[in-house]
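Shared between the two complexes below is chain A, which has chain B as its partner in the first and chain C in the second.
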Partner chain A sequence: MSPEWLRILWRSPGGRTGCLLIFLLGLLASFTSMGWLGQGWSAGSDISWGEVSASHWFGTNRLGQDIFDRALVATATAFRVGLLVTLGAIAIGACLGGLAGWRHDRWPDHCVMWLAGVLDSVPVFLLAAALAFAFGGGEAAMYLAMILSFWTTTARLVRAEVMRLRGQDFVLAARAIGLPGQQILRRHLLPNTMHLLLVQASLTFVAAIKTEVILSFLGIGLDDGVSLGLMLAEATQDILAGHLGNFLAASGCLFLLLLGLNLAADALQDGVDMKQAPS
Partner chain B sequence: MLGRFLALRSFYALSLLLGVTLLTFALMVWFGPDQTYELIGRNSTPEQIDELRAELGYDQPFWNRYGHWLVELASGDLGLSNRSGESVSTLLRRALPVTAALVLPGFLLGNLLGLAAGLWAAWRRGSLWDRLILGASVTGLSLSFLVIIIALQLLLCTPYGLNWFPARGWRMDSLGAYLLHVTVPTLALLLVTLGYNTRFYRAVAAEELQRDHVRTALAYGATPLSLLSGPVLRNCLVPVITRVLYSIPLVLVSGSLLLETYFGIPGIGRVTFDAISSGDQPVLLAVVTLTAALFVVVQLLAEFACRLADPRGRLP
Partner chain C sequence: MKSDSTLRLALAVLLLSLQTACKDAADSAADLTEPKRYVHSLDGVPASLDPAQAGTRYAKFLVLNLYDTLYRYRYLARPYELAPNLAAAMPELSKDGLTLTIRLKRGVHFIDDPAFADGKGREVTAQDVIYSLQRHFDPATRSQGAWLWQGRIEGLDAWKDQGSNYEQPVSGLRALDRHTLEIRLTQPYPQFVHTLAQGFAGVVPREAVTAYGLELGRRAVGSGPFRLQSIDSARARLVRNERFRQETFDLALEGFDPERDQGLGLTALDGRSSPFIDELEVEFIPEDAARWSSFYSGLTQFTKVPVAQFGQVLESTAPPTLKPELQERFQLQAAPELGFVYTSFNMADPEIGYSEDPQRNARNRALRCAIVKGFDWTQRNQRFFGGIGEVFPGVIPPRLPEYDPEQDRGSTEADPAAARALLAAADWDAGNLPVLEYGFPASVTERQLFEQFRGFMEAIGYPRAKIQPLSYASFGDYYRAYSQGQVMLITSAWTMDYPDAENTVQLFYGPHRAPGANAASFDDPQFNTAFSAAATLPPSPQRTELYRAANQRVIDECAAITGLVRRLVLLWDRQVILQPDWAFVGGYAMRFVDLRDPAGQR
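For the complex of A and B:
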């Protein structure tokens, strides 16, 4: 099938803008990850806070590194963080939410909902801080904290949707011909929550990127390399000296990326609402 | 009926509290790094080390230590800060009023303006105003809190911008000093929450405005203002209460974490940041546990409040 969600996205002007933004930034990020772009990000030079020039589009930072190259690599990092956290959180949310909805009001449901309630009670920054403390810092703590915090919303939504679908005729028919519950859940129920998962995926992506920025600023995010959060943390020093290159480059990339994702999420959400409205 | 509801919900909240404390204890005390060498002086004898380890409970099994810690927690004993040696509860009690004074104006304004803009956009759904408000809130959603803070500080607190407000620090000795220090953080909090709040309140109000009673009231000549501030707002009360209550712990800790670190304000967020960066286990443990506990209590309160606000819940 020509993916239906793409058509939904393309239908509204906002969705189109969002798609284009994500596509363009994604292209830049993948070229950067493949080593075709932004390779000068860590090479220093003697020109601290160099002027904007043809070779340095956003000038250089304190160590004389090219800010434009660093922004490219940081954008690639943002995609990596976003993808990893989104895949983890959505997969866990779909599985546990599906299980809880299918076995509604029995012990699997109670366990999953209790776990979600516990994790929802700890704000993600504090969970990240606690994990970083337990592990002695490191990226793993950041990823784990975000996945543990973000799967719960998806799980609640999938659970509600599975509970709604469970009573419908096609599920009753599948049960009547003796399909095992696990198979009904996997083949018939979870695919029907796809629209929901897509909206949740784009929102989780946004949350992951935003959280990375703040965690890296607080010193419990990425350890090495360069990310939008680390660039902004660097910018806080530069700004007091009047150098705006880091700030403009990092916040510009961040804004365009988040705007693209938010617009796409909105367009998908509207499409889903329209599809569900008649029933 | 109400008694049964109260008992069930309280029992659930208690189980959540147990889970939350178990999580924080397991992470930060059981799996956390050994605190012995953090606390002990140089050149200590093996006996001193053993004594300290016994005092910290490292020779005890998990459940004993967890139970012991729970009893301490319940009696309000949060231990001493590793960094300053000060009692953690004193530290937090001193910081809490600062944070409350810092985030309260932004929190109130963010919700009130969000509610007003959301109601207005929902009322004029599809109009230019609606699209402007929605566009502005999508832009707001796409700005990181950190970017907003840096930009506001640059524009309002440095010689590169207007330089009207102090870039760092906190004073509450007079109203003027308080206003001078609270304005920029309030603006930052406002900008970061307004987008989310407006969209949320618009969605809630838009659903309510589609209902028949609104059409009927309009046909009988009700004015938009009386309708929006009366029946529509009252029917939206449950999601509004839930949202306002749920965001209290988030604003108190997550919101203040960045604001206070950036503006050098001695509140809960600053205390937390210092504890994170210096690995001060007792302080961090107390902040995480108390925030989570506050969230559980707030959840319980929200359910009771919704039950009071929505009479349908009282039917069997």
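For the complex of A and C:
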């Protein structure tokens, strides 16, 4: 009785590979978050920019911290950022998009579309960086900036879907029995946009991780802790010193994570498109 | 017919040969007349070329080459020595130390510019110097340098308060004649002449300010050794100012030291007239890797080596020497920076600084002293300054005459056991220790400095959760926050404005408390008395004693974790004749740069 989306994913080889990669990295991230792995990520040692060894699989950074442990924690951070931003952006996008679609061509629709249009007129990474800077940097500012930058696409998709659905028989029936609009939207329309939200969530997840890397690289990301972006930023100094550990570990984790997510997102999208295609 | 063809062929060959010969000759002639061009690199971009905005190292570097200042620092003399520049001689000082009379060199002209009525640069006069100082106090200028003269020149602050009307005279600034200037001070200020050697003191013609206004930040109408040809965010191109005064370079007078300056080629400059190069190109390359690549590939002829690359460039660090494979191409200088890095405690914060409760006050002092004891300068030096920085106690760095080499170095030596004992003796434990907020502007290095600090504190028993980062999106935000007393632990670097201990000791003078330069808001009566007494004295043993006493108070009260003088590794092409300086001479050195002949001709 696996969910429909999981069956869609499992049908294609790309989806299976993506799932496997996400599962493995997710497992490592979970173990790290639970304190079973990577707990030495902030402990310094006497070996600055240490070479690869049995005790330090990717060597150490400038402060003598173990790069492998830091890569594990950074991967867990990537999952946390991805999940939080995806949940926030999808929730806001679904609510505002649903409202705009339900109140099509009235003031709520105009307001939401105007706001989305304004935000979309700025390149997304630039907007996120500007907002994060304006909110004073730090982790909370970064989450807020990403959520405020990413909800617009979801809102547009949901709005279009709601506009399509609002003329359908089941909606007319609900109206006929006197259900208030808010309930129709919540109980009948939004659940019918789940297939879109799922695909959009996978894409937002990828975008959030990439944006976190960029913001942290620019120094307006995480306050404390470690992330893939921070590791890559550290790597700019390490490479000058002739040490590639940080660069290889961070870019390797980023590559595998984004590959897995992209494969899964593609498989989901293909599956949903096939399902929606007219016969 | 055959002979005709042969003749034509012979003529063609002859013409071709002639053409080639002429071209070669022309090329040779061009080679001979090709201008001498030196390409410098800086690790930042100047925001403005207006002397009133020369607040950064980068802006000052260019301003000192485009504008004249009354005084400058001698090229090679260490300790630094002032020398007349636009002024004809050192100032004549009245007996009470309040009036300076300065005579200007005659026949010095601004460069030709459309800002002048006939487009021809006119002579620089005493009135220009007065105007250039006055405009710092004109709110329309939005000067970054007014602080240098605030409260120092008689009537200048009042002139500002009365609306900055240039038609109104300032009692402390008088042109006795076209080439003589009189400055009256509000109180003796032995460092005053140093302020006239800063980029802020560049002499600007009023016509240029009127004509260009804010655009003066991208133009330059001065009387310095170079003229601006172009500037953008990547580079500035300067060419020799052909009208720059002809003065003979006196190697001995400039402070040449045959032992120290051996092999730099400086003797070739003696008796000649500067500037020695025709074109000065300054590349702005903030990114370390790109700056190094440009230098190594020969696109630039000077670079500051990033600390992370010391291992790739230096054969040894004590003393710093170049790797053999680089020695053939490059010259090395590992020069200490005049200034230091330190972390001060916000004494206005009752959690760690002054408290109205005497008992808590004493416990806070013990806490600060424990933190100072837990701080490992040796590791910080190794990890972040390539191990070649100089750690010293207090706030008077080495190479200043007031520095005391015999001073106890206990405050710079890490001793976690002693730190833990101090905490225990003052009844501090993991439960009641206050949360430490360590401020820094967001950057990888600053974050790593914080992580290292947290490691030091964990070693003395401070709970990790009680050491919190307080990051700011930009240095400007961070600066504003600590200037308003919002940061508990303030890590910063002080680069001296002039080579005098007054400039560093004032960092802890009570009346300078935040938002002033004393970001720690340290306010110690004994310190304040010693500083006030020393500030108006000329360099003397008495002044030295007073500054040393003030320095000891900072150490005794554990007001700061201090300090380290960074040592910068500078490399330059062996074809370049240069003794670089990252401190006060920096920009002035460019007029004395030359290229070796004939390979140096580019």
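Operating definition for what follows: the second predicted complex is superposed on the first by the 262 of 279 C-alpha atoms of A that agree within 3 Å, B and C clash if a C-alpha of one lies under 4 Å from a C-alpha of the other, contacts with A are read in each partner's own complex, and residues count from 1 in each chain.
Assume a contact is a pair of C-beta atoms (placed from the backbone, for glycine too) under 8 Å apart; a residue touches a chain by one contact, two chains touch by 3 or more.
Just so it is clear, the model here is predicted, and its values are computed rather than measured.
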Most chain A residues touched (candidates chain B, chain C): B
First, second, both or neither for A:Phe255, with chain B first and chain C second: first
Contacts of A:Leu37 with chain B and chain C, given as first, second, both or neither: neither
First (chain B), second (chain C), both or neither touched by A:Gly138: second
Chain B versus chain C as contact partner of A:Leu165, first or second or both or neither: neither
Contacts of A:Ala130 with chain B and chain C, given as first, second, both or neither: first
Partner chain(s) touched by A:Gly117 [first = chain B, second = chain C, both, neither]: first
Touching partner for A:Arg62 - first (chain B), second (chain C), both, neither: second
Which superposed partner A:Val73 touches (first chain B, second chain C, both, neither): neither
Which superposed partner A:Ile239 touches (first chain B, second chain C, both, neither): both
Shared chain A surface residues [contacts with chain B and with chain C]: 132-133, 136, 219-220, 236, 239-240, 242
Interface residues, chain C side, partner chain A - complex: 288-289, 292, 306, 308-309, 311-312, 382-384, 441-445, 447-448, 451-452, 454-455, 468-469, 471-474, 477
Chain A partner contacts - residues on chain B that touch it in the complex: 12, 15-16, 19-20, 23-24, 27-28, 31-33, 138-139, 141-147, 150-151, 153-154, 158, 160, 167, 249-250, 253-254, 257-258, 261-262, 272-273, 276-277, 279, 281, 284, 287-288, 291-293, 295-296, 299
For the chain A and chain C complex, residues of the former touching the latter: 42-44, 48, 62-63, 65, 132-133, 136-138, 219-220, 223-224, 230, 233-234, 236-242
Complex contacts: residues of chain A adjacent to chain B: 14, 114-115, 117-127, 129-134, 136, 206, 210, 213-214, 217-220, 229, 232, 235-236, 239-240, 242, 244, 247, 251, 254-255, 258-259, 262-263, 266
